[in-house]
Amino acid sequence: MIYDEPKFLPGGDRFIEMELGDELNFDLNFLVHSLSAKIREAEIAGLIELLPNMASIVISYDPDLISFADLKSEILSHYRNMGSLEDMELLSPIYYIPVLYCDHVTRACWEDYCAKITEKEYDSDILVKLNDLDGYAQLARIHSGTEYWVAALGFYPGLASLIALDPRCRLTAPKYNPPRTWTAKGTIGYGGSVTCVYPANTPGGYQMIGHTPVPVCDIEQSLPAFKQDLALLRPGDRVRFFPVGREEYDYIESRVTAGDYVHNVAHYAKFSIRAYHEWLGTLDMKERF
Amino acid sequence: MKFDQPKYLPGGDHFILVQFGDDASIDLNFMALGLTAALKEDATKGVVDTNPSYNSLIVEYESDDISYADLKIELARLISGLGSVEDLELESRLAYLPAMYLDPWTRDCVADYSEKIAPRDYDPDFVAEVNGFEDAKQLARIHSGTEHWVVAVCSTPGLPLMRALDPRCAITSPKYNPPRTWTTLGAIGVGGLSSSIYTTPGPGGYNLIGRTPVPLWDPQQRLPVFKDRVVLLDAADRVKFVPIGEEEFEYIEARVADGSYEFNITAYQRFSVGAYKKWVASLNQDGRF
Amino acid sequence: MALNIDVIKAGLETSVQDFPGRYGFWEQGFPPSGPFDMWSFRLANILVGNAPEAAGLECQFMGPTLKFSDDCVIAFTGAEMNATLDGETFPMWESVAVAAGQTLACGFASVGARAYLAVSGGIEVPQVLGARATFHMAGVGGLEGHALKDGQSIAVNGGAGVPGRKVKQDCRPKIANGKQWQIEVVQGPNDDWIAEEGIERFLESEWKLQARSNRTGYRLEGPEWIFADKASSKGPEHGEHPSNILDHGYPVGSINLCGQTPIILVNDAPSAGGFINPFTVPSAAFWKLAQSKPNDIYRFNRVSVEEAQEMRRGIDGLCVEDSIE
Amino acid sequence: MTMPMIEVLKPGLETCVQDYPGRKGAFGMGFPPSGPVDHWSFRLANILVGNAPGDAALECQFIGPALKFKAPAVIALCGGDMAAKLGGAPVPLWQSIAAEAGQVLELGSALTGARTYLAIAGSIDTPPFLGSRSTFVLGDCGGLNGAPLEVGGEIPVGEGQGVPGRKIKQSCRPAVSENHRWQIEVCAGPNDDWIDAAGQQRFLKSEWKLSPKSNRVGFRLEGPEWTFTEKATNKAPENGSDPSNTIDHGYPIGAINLCGQTPIILLHDTLTLGGFINPFTVPSSAFWKLGQSRPGDIYDFELVSVDEAQARKRAINAMCSEDSIEQA
């Protein structure tokens, strides 16, 4: 639920966790990011940075410049002036990311896990079975059939938690147990009802359903998309996956390697909550891509 | 060039053409579509119908309900209410349409023309060449790399006239001369500055680069998406082509045939012209998909 | 005038850090990094005439061996690493002139765990996301994104330091070898997930610092936790275990409860995740974390937000020119 | 209750169901209005049989159909003279008459004019498409399955009480030309400034012959060359290379669309948008003349103002009313 009164929880001497609710709920997350945008805009003296997540914002502040109580009341006043959720709009760029589903890279990673850690069923088979799908083609069709909302960023630089905006495309998946010790950079993971692109070679627990040659984080800043920032995505952005074949995958990989790959992003649409709710109402929930 | 003041040109006794400028600058279309929306919102008495295009809007009116002079005054009032083009925000759905580029069917259509009417190269090779692309595959990549703006729906029912929103994906090509006598239904064509999809198997002049298995209009209103409408797209909608292979084409074709095809359209965005212009200015024009 | 420091021996994860580290990119998953014992770090900079923020070296457990290409003034603070300059004992908490070609060799930390080396002018590595601090997990900042390696060379801005400056005794952190630490904690943000007796047990028990601890997190060993009802009756999206919560941001210093294992999230910690944080170690206690060693014992001393902030101001008040004699 | 039907014995030449004013509000989706070309005669036919003036009826073109009434009906024929016979007996135009169940109405080739309108009391009750029953053949929609009448087809008719013996006063009927010359009103614009003064004069002073390549989409005209202003020859490349090319814009119905050197009057089934200029527009008051002219006929264009065109339209609208009726 979304709390009537948000909670302001102290996190030591220089952090506040502002909890707006306690569930995985798109509206709540939208509220989190809209409020974050408002707070940033307000440029409150003493506020250092914000870490919005699914249902909460951790606020980093300088206690020498602003007290807990003052910061709380200032943020609360912005929260109270937010207006109705229905009226909210957010400029939300959309990133188009090519994916080779059921690819060679993650298959090798799974095989390695089976050989070294423990036998487990092939990840895509788990998703197909658990979600009652026809096969890999439908898995790809459904996973690539929705825009995803970047609900949060964190844990690892550039790691974005993506939730499906089309509820008909929300899949579920268990996590690896025990977790993998490594995951290939670019792996498309699915865990719970969240999907992600692994920004680097890291340990991981999400099921692996595909792979993209396109980096979402680049500390070398070698590609044009990372000229300003190391991480591609921000909360409130949207992602759409595009299935590609091996040939196109190889081509894109060669462009990434050559350093002239151009990320595909469109940055001009405002996401409207009211329109989203209306759109949800038009969907036939029995239909599947 | 955008005119300082829009021109009002009479078209007989019950049409007026409002022209915002005399070139193909996309801003002029934004203005035309802004005025379309404003007329709808205003429900101006006497206005019967509207039909936008690149730089103009044609308005049909009932002269018994409003005089030509009064209509001009009303239009001028609505246009001044639009503010500057940057302030415009337009309702804009985003339709993801599957496209098989370089498909066998349009290849046959080009070959047939070549044999019977006038010899010509395979259209995608030709278009790639005149635009300085590496090959037809890059043409496909570039054509599918942008959202296409629906400038107007026109000429034949449901036929969208579209322009690339990403200026790096603009494709220009001369049209057929003489025109084709028939065109593959669902063919994706490019000509001049525009892209289109053939909604009838009639004559045509655009270069054919691919084909979509999905219908853009349905007078029988058979598929679920056509429950409340006959034509898929409206002006100010956007289209993003999703490249598919032959297998997926056949799968979708079969679902269209059995009436179960579920269109992939999102309707929760507003297109912000101001944000669009900022985004365009931020692009590295040398980057290419 | 610029100079180089050649890394003869890298030591154990010696890294370039600056104060306060990398801010503004937390949301993209970048933790602040920066020196763990910010108190000692700033004093080292002040000794050599740098701004307290300038980039210096953090040496951990076993320090490096470094050779200076040119004359400069350096200072060493924090843990006692039994450093020598060309074989001569090198004094701590004092600015010292080093001549071109001289070598500073460090040993193991005998008192404390982390030492800080400041060089007049400050270390000049490229800023990444606004900071020079090393975040080695992602390969960002510092010297090519990682800890020092043998044979590397560190560029230093030239700067005129004054040798013979000392930090007053009472302005230094009290680094000791007692192996027992009183660590301040502030209750929250998720203290309401722990039952009252669980809170009491946490505050009354001894917690042993595990060997598997580093700049990312400090694992603690101690008694079982007791959860409040809230932790077991919650929506499924929070996860099954009582310590699971819907993904949220992690304050730096939070005591992150991963199952039954509390981990203090420190400078290089993940920015977010799905576990609760019943307590948070305030910044004023970070020097103690930095200077403690595996198997040291922590007892936690609850303070209010205001007290924690007062302590922080106290330390900030010592990281100034007035502390020099 | 069974719906009264009309069976199609012979379809005639592209005989279609139309209604007036046709399909409105769908221009922006690519649908032209369709509807009857001579909407004056069309409305009079409906009024004669007691229908609303805009109700669905048949437009017969050049060669009319043969139709068999399955139920008694009151009908009226207006427009061109196709020498209609009901049960073998000649049927007068401009008059409502009763047809018996089983009787056959047979229309021949147009002796005068080109289009004849057949209204049936109760009106044709095909399913409306986008709010109109008008047939749009190119778009495969409206009317009877989107197509002209076919042999064996059945036309559904609604319930209606018509009164036979009602006539249109002579003065209220359109005067179909006997000498194959027509004076057609035009308004200047929207793109008159693309044609130079000499070109405009030439257009207005010349005879224009209606080409056989004409239909409900467009009427092609043959005549002298066009000459252009600087605007047409010195323009940005996106306009196209021919002087008559412009950036795609919407087309008014009635526009005289200049395609190279060939003017085409855009009729009710036209493309809604394209890349040629429209220097003049035929107003709706002249459409009955277009509807009744035949290939080879000569047009003289008469320049009128928008106000004048609207006044003439009002005059015709006024005649499409019960006031135009007299008892036979």
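Order of writing sets the labels: A, B, C and D. Residues in every chain begin at 1.
What we mean here is this: a residue touches a chain if its C-beta (ideal position, glycine included) is under 8 Å from a C-beta of that chain, and two chains touch if they have at least 3 such contacts.
As the structure is a computational prediction, the values presented were derived from the model and not from experiment.
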Starting at subunit B, what is the smallest number of hops through touching chains needed to reach subunit C?
2
Comparing A-C with A-B, the busier interface by C-beta pairs is A-C
Work out the mean Cα position per chain and let me know which chain is farthest from subunit C.
D
From the C-alpha centre of subunit A to that of subunit C, how far is it in Å?
30
Approximately how many whole Å separate the CA-defined centres of subunit A and subunit D?
59
Subunit C and subunit D: spacing of chain centres that average the CA atoms, whole Å
87
Sort the chain contact graph into one of these: line, ring, star, complete or other.
line
If I apply the definition of touch given earlier, which pairs of chains qualify?
A-B, A-C, B-D
The residues of subunit A that touch subunit B in their complex are 89, 91-93, 96, 137, 141, 144-145, 147, 165-166, 224, 240, 242-245, 248, 251, 260, 262, 264, 266-272, 275-276, 278-279, 282, 284, 287-289
Which residues of subunit A touch subunit C in the complex?
9-17, 19, 22-24, 48-58, 60, 63-64, 67-68, 152-159, 161, 192-193, 199-200, 217, 219, 229-231, 234-235
Inside the complex, what are the residues of subunit B that reach subunit D?
9-15, 17, 19, 22-24, 36, 48-58, 60, 63-64, 67-68, 151-159, 161, 192-194, 199-200, 202, 217, 219, 230-231, 234-235
Interface with subunit A, subunit C side, in the complex: residues 23-30, 128-129, 135, 137-140, 145, 185-190, 234-235, 237-238, 246-254, 270-273, 277, 280-284, 305-306, 308-309, 311-313, 316
Inside the complex, what are the residues of subunit B that reach subunit A?
89, 91-92, 94, 96, 137, 141, 145-147, 165-166, 168, 224, 240, 242-245, 247-248, 251, 260, 262, 264, 266-273, 275-276, 278-279, 282, 284, 287-289
